[in-house]
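Structure, as structure tokens:
Lettered A, B and C in written order, each chain numbered from 1.
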Amino acid sequence: MLNIIKSDLYRIFRGKSLYIVTAIIIFMAVISAITLSPGHIGVAVGTGSTMTDPDTVAKIAEAKTLGEFRDVMKEIGTIKLDAQIIGQNSNLYYFFIVFVVVIITSDFSNKSVKNTLSSAISRREYYFSKLITVIGMGTVLVLFNDFINYVLNYVINGKEFASEIGYITKISLIQIPVVWTLICMLVCIAFFVRKTSVFNTISIPLLMILQVIAVILFAILRETPKWYTDFELQYALSNLANEPSNSYIIKCFVLSTVYIVAFVTAGYCAFKNAEVK
Amino acid sequence: MKEAILRTEKLTKKYKDFLALDQATITVNKGDIYGLIGRNGAGKTTLMKTVTTLTNKTSGEYYLFGKNNEDLTECKRRIGCLIESPAFFEGMTAYQNLKYYAIQKGIVDKKKIDEVLELVKLTESKDKKFKTFSLGMKQRLGIAFAMLDNPDFVILDEPINGLDPIGISELRDTLKKLNEEQGVTMMISSHILSELYLIANRFCFIDNGRIIKEITKEELDAECSKSIAIKTNQVKEALVILEKELGTTNYKVIDDSEIRLYDYLDNAGKVNKTLAANDIDVIGIYEAGITLEEYFKSIVREG
Amino acid sequence: MEIIIGILAIIILVLLCYLFMLKREMKRIGNDLDEILKIDSNQLLHEKLSDRDIKVFLKKINDMVIRVREKEIVLERKDNYLQKEITNITHDLRTPLTSSLGYIDLILRSDMTKEEQLKELKIVQRRLIRLQELVSSFFEFSMVTTSNRVVELTQTNLVALVEDCMSNYFDEFMSKNKNIDFRCDMKKCELNTNRDMMKRIIDNLLGNALKYSAGDLTIRLSEIKNDGNNRLLLSFSNDVGASDVDVEHIFDEFYTADISRTKGNTGLGLAIVKEFTEVLGGEIEAKMDENKLVIDIVFET
């Protein structure tokens, strides 16, 4: 197993995708820090935004340049920017897709998987090695993102806008089970469809579909149900970044474990007896 | 008693309604170069995919190095294969592709990569990206990959596909050398009989998923070899004349109306005269002997 | 405080895990090595744990396995070769024996005059001498393949020795219209060496030239004075005509340029020359000079 992981890491470090992803992360962190707004590449979801006070909103609307905006924000006072950014980590989903494509589905679409499966590597070893590689890379990416944001925020915006490092570490770590759930879901889909094109078609819009479901639920029920805002994956990520209670943390952990086991098993069963075209 | 490297027993593979392999029973012995001959779609690739576990069998058994089912995975370490078209990562060079697999297989000495590239004459191209490779180069990289882990059994699916005549000849020499010097057993499929004939020592004819015949090279030679076919209703008497007057026992009785004579190949006339002079009624006498293609066609038709 | 303990605990846990994995890997390597040596395979050891020291260790074991396998292949090839050659030698020995017996039979059975009997007996004698040569060649070959041999050295006059050997072969050379040309400007040439082995060297070279040379044989004996070291060069050169001589393999046991072995040569002659030269502390080299085969032997004095 270690050998397969090592070989995939060799391939990743030789390619361009890893470095592009890292560059984008750093770039987004810089932008977020300078413009004092969380949000990454997707839609800002969930709680954590403190822009509700009408005075504040008015003042912000008046600010014409970035510099003025920053001054206004600094006057308003402390918002834990880095925590908010970490709350938006569900947008890292798109980077997870990149990893799954590079590590898993490209092997199938290229047909190079037959080279591996015809040697002394069982399907089980193959599945779990790829799973662990993607999970590892995803986890490193998320932690890197969290700390880069912390550091840049601290440097650019000063101590008032930063949380303590202990707090940042804590929320980084408690987000990990949910991150893993997302990744396992993607890996499961990847091993089900075994083609890059189909995988992309399903996974890229998936997150947006979940958000559309939120809209539909809101339209039908006139409010987004609590179970959705508590436990839908994107909401969960941002909740966990916002001073969550211990019971909530435990609930998320349990739910994540269930999801992970389900996705991993489903993916393995799909792959175990599949034809390798 | 030669060790059987691969043995299949009534191996069957069915894709939905299509029967790709029908009760295939073959044996590949240690040191063989086993030629798998069949038309396109005959089931050669399916057979190869099944025994390397790329595809699940529908029924039947197969034994690799005497092991099957659960014990199979470790045995596959001793196999090197190139099945269908060679597939590698487009953005990596030849060397990097092989290195990727070398790490994956746990190969300790990275010098082996250079050795194997040298074997297929790809050393100059080792730093070129795979996507720039011609068909022949891709094929050669595939063969290099098959040889990467010091295999005891090499399975090659139409390896000469895309190679130019010099490449084909070089490959033939390389494979022969490996077989003789290191005792590597090989199973090679092709639909080009003449090429396979030069290298294999046993042949297997497959058509429509069924094994038509397994035959050694000597037997194949005997069946294809040039001879004089003597058609007569007096076979027994004719045999006596052949022995006494023409002094030969190098014949084969095909049935009760035909004898194949492997002597006097340039002198059918003399045979005819001698037989006639001894009151043998010769219905027909002609040169027989078939090319490999004709032989293949004939047994495929029969099967 | 707790954090430090926690961190230490984690470090200890990680190290224990690593230790466990190392031990498991060592066991696996042991089992794999057993497997590889047991079955007839080309496989080598693989690594499953990425540890640099283990990797180096595995590489060394693999190199050793490769060397063992190569030796086995060479051994098997030599074995097969030897078997074949023993059969050939048996034929070679049988021929003069059988024909000699045939002649003696003839002499005993028929009525011959004294002159006729004498003639036939001389033929038998020649055949038996030939047989004697073959047997002694065979004996020497077995000597060549054992390494413990105590060699007595005495002061030997090479000039006299060469002339002695030449005279033994003179008749046979004459009968084939070949000349032996001995070029040496010394009256005497003393070398501390083993007389019998030197004689065998010269005899074999003469015999070789007799069988294969297309023309005359030239023997040169001269001193080479070279910054302090005095060396002696004994050179045999003869025309080989159209023959294909593989100078790389000419000293191999059983190499003969005449594959059909019709001349009844065992191929051992030159192998013995080389072995004896080296045992006596000399160097030997064969080269082609246009159509001439030149064999040079150099001794330090």
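Note that a residue touches a chain if its C-beta (ideal position, glycine included) is under 8 Å from a C-beta of that chain, and two chains touch if they have at least 3 such contacts.
Quantities reported herein were computed from a predicted structural model and do not represent experimental measurements.
Compared with subunit C, the chain whose C-alpha mean position is the greatest distance off is A. Central chain (C-alpha centroid nearest the global protein C-alpha centroid): B.
Here A-C and A-B were compared by C-beta pairs in contact; the pair with more is A-B. One finds 41 Å separating the Cα centroids of subunit B and subunit C.
Between the Cα centres of subunit A and subunit C there is a gap of 74 Å.
We define each chain's centre as the mean of its Cα atoms; on that basis subunit A and subunit B are separated by 53 Å. Multi-chain contact residues of subunit A (touching two or more other chains): 3, 6.
Contact with two or more other chains is made by residues 77, 105-106, 149 of subunit B.
For subunit C, residues that reach two or more other chains under the stated contact definition are 47-48. Across the interface of their complex, subunit C is touched by residues 30, 77-78, 105-109, 149-152, 181-184 of subunit B. Residue ranges of subunit A in contact with subunit C, taken from their complex: 2-3, 6. Within the complex formed with subunit A, the residues of subunit C that make contact are 47-50.
Of all residues in subunit A, only 3-4, 6-7, 10-11, 14-15, 106, 110-112, 114-122, 273, 275-276 touch subunit B in the complex they form. Interface residues of subunit C, counted against subunit B in their complex, comprise 40-48, 55, 58-59, 62, 73.
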